[in-house]
């Protein structure tokens, strides 16, 4: 018979109509969907921006490291030439990547920049700082840092050697904490997406309760009945993610001038670049998965209330 | 055997809606279930549609024990049925056409088949040309007929109609009953719950009479049509 | 004058549900409105309940032009009415008692008055003792009777009943009509839309007949009760 | 007639039943209300905590000011007794509240604490810092700060006078920015409350659509129909506020140890105290008002969809 029923056709049809239903549902009343879409977009925006920023700061942090790994303080009164000699003797060695010589004036200037007592220091009669050699170590050097310190400290012209890991360690600890905070925020925000999409699906189901019961009475399977709601969740995720991509772009444009200033003052390229195509796709996928999951949870919970009697 | 009830009872908390009902229905048979308001007519049909489960007794439909049908198979079972609900149960956000097309879509009929069958069914209940109307734009009697068109469109094996003519005038009611009788040609078994005694007397078919949940009669008028 | 229709028409987009209807109803009168499914009976009642507005013509109820009633006064106007809906419109999350009590509560009756009147109204429709049942626990006919009890409990000035016996067997239908007739003693005007010709013939009251929205008859059986 | 209807009774009754309905609605399905209550509670918690913290920091800031308003640097080599003399000569004057004398060793120690070059400074052979007198000014003194600076700087034993307003200004700017941030966050969160309560009311209305139409057909006024929904919003606000009071209390308990440490290191009482009875009441009132407003907006919007035909 030409008009024979077909389970496959019914299945395909329910996907197409489910997807269309979800999309039209969303587009029909965008104002009513503001809360949901807003939460989804913000919940994707904040982690995305956070991760982007972390990535840039990480990259910048490894590029900076201007003060090196070791600072060699020459004895007071030693001339700058002695510092250059020390630097030269280090430059050939495999433990060392680079060296940098600072005159006592440079050193004082830096001390001033970092201290709240700038004006007080300017009142000092004489410069108390010695000349410095700042040493940047190779991985090999980093391994043998203590031996190197001993060796340099025993040089006659050297007063004292300081291991400069402190601020890098601090920065790394800070970045680590920031990363955790971003991930925690992302998790909380993901939960918020599940809740808010779930709430919306609950609303949809409440509005269509009678219709759902009727569909089941007419022989629609649970999966068929559920499909449009899962698609609604999916579309929320997708549209919310697209919205958050827009917001990422806007935020970056808005942050750019401030960042440019900051970057200029460090002589570094701190410019945030966008997410790129792969990042954008990942964000949309993440949003879709979250929306779908929220719809899944809510529909399991609430479709049970729409059983025939 | 289409339907077999064996000592079926249904209690709702303190009320016995049906007690010890036993009867059988042959394939293609047409049966009225009648009785006063609250006698248990709707409950009997709900048991057949698996909307309610009996408190005691055995129900078989097409040789299948209803109590053995798992939840996952409910949809499959229900797609063999055509249901006319006492409260119509139309989908308010779909047109008359889409309401009637629904069982065909769920079965996976092709669009061409749907486009051919739906207008026929609508015409059979006197709603030809109202394809695009939404249920809210129909009078109650028209809504009831839309529900009837939806119940018959997919040629169900078993038609369960609960008070299908409650909102129709006597003349239309007879026409609808004649439509139901004509379904015998495609092998459909028909069970109609109705309190409309004049109509039942006019159609002259087998009639099961309920009173306060008890089966007090099961008669076939002497000159009943086969 | 209770009701006055003057050349009232109602169009829904392309369909004329009512055309040029004119009639008058005296206070305390009992009127049937009949006609085939889709004739316009429900539309006529909806115009009186201000659920729909006429496209043309004048409707007056108790000397008040309905078109002049502002939105803020709708509630006051409707509290004079008793409405029986074709689809019952019960509040599913309230007991039978609370459903019937509702109009009394809206009017601000005391709890004692409510406790006295509600059981009386339920008993009048044969639902005595079902006070605590929820609508979902009632059969369709019982739900319809619950709706009737709710419509009469507050002694409305005008009772509009749309197909109030569609889910009742002939015997119950007559009992309900007798209840409506008895409301005359408290001065209630009654308009009943019904397609149940045998019932109308039995009750023998003034009857307005509609066909496709036109008023084709308005007769008072010769031996009609006053 | 004994059983005469009474509009006043109907009105009273609709308030009582509306309030009860709203409350039972909320308590019946607290899990389903999690999102709404959570948002309300957090939206009240964050500004409350923020304002509490700001208040404490403000109080602490005016109590601290340990370094005073002026720092008088004596000429290098001047003995500490000269600093004491300067301090004594200032103590009687109306412009001055208090003075404090620092020896060169104290001054170096402080410089060290504030600087990243602590180790480098410890390598210095001699202490370059002079003795200091730290001067705290009265309001009169603050007005004439420039004259006073001139006067002190012209003393023979004094090398240089520094006006120490910088860090206070910074702190004040910071507090100002923090206050703005807290208020902005409060506004955004208030909007979130309106949206989320509105969404819940929308759900309620959707679930009760048919019932609402029926009530109107039976002659219930718009106000009567709306009342239960306004009460729902009100209760959300109240219960959310109570929840946020609990959260405030928990947060304070949790923050206390960390704050105690911090406070100890500054020798100051930074302990956050609770909101107090008046603050708590204000929070509940604020929550109730927000919830009610959200319900008002949503019910205006959505009750229109529940008109008889």
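So that you can tell them apart, the chains are marked A, B, C and D in the order they are listed, and the count of residues begins at 1 in each.
We take it that contacts are C-beta pairs under 8 Å (C-beta built on N, C-alpha and C of every residue); 3 or more make two chains touch, one makes a residue touch a chain.
As the structure is a prediction and not an experimental result, all values here were calculated from the model.
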**Fill in**
The chains touching both chain A and chain D are none
**Request:** Compute the centre of every chain as the mean of its C-alpha atoms, then state which one is farthest from the centre of chain D.
**Result:** B
**Prompt:** At what distance in angstrom does the C-alpha mean of chain D lie from that of chain B?
**Reply:** 67
**Prompt:** Could you state the distance in Å from the CA-based centre of chain B to that of chain C?
**Reply:** 29
**Item:** Intercentroid distance (Cα basis), chain B paired with chain A, Å
**Value:** 62
**Prompt:** Residues of chain D that touch two or more other chains: which are they?
**Reply:** 309
**Message:** Can you pull out the residues of chain C that are in contact with at least two other chains?
**Reply:** none
**Request:** Report the topology of the inter-chain touch graph, choosing from line, ring, star, complete and other.
**Result:** ring
**Request:** Can you identify all of the chain pairs that touch?
**Result:** A-B, A-D, B-C, C-D
**Message:** Help me check something: in the complex, which residues belonging to chain B touch chain A?
**Reply:** 46, 49, 51-52, 72, 74-79, 81, 83, 85, 89-93, 102-110, 112-113, 116-117, 150
**Message:** Touching residues of chain B toward chain C in the complex: what are they?
**Reply:** 12, 35-39, 41-43, 86-87, 137-142, 144-145, 162-163, 166-172, 195-198
**Request:** Spell out the residues on chain A that touch chain D in their complex, using ranges where they run on.
**Result:** 32, 34-36, 38, 71, 73, 76, 111, 114-117, 119-120, 123-126, 128-130, 159-160, 162, 166-167, 195-196, 198-200, 202-203, 206-207, 209
**Prompt:** Can you list the chain A residues touching chain B in their complex?
**Reply:** 2-11, 13, 210-211, 213-222, 224, 308-309
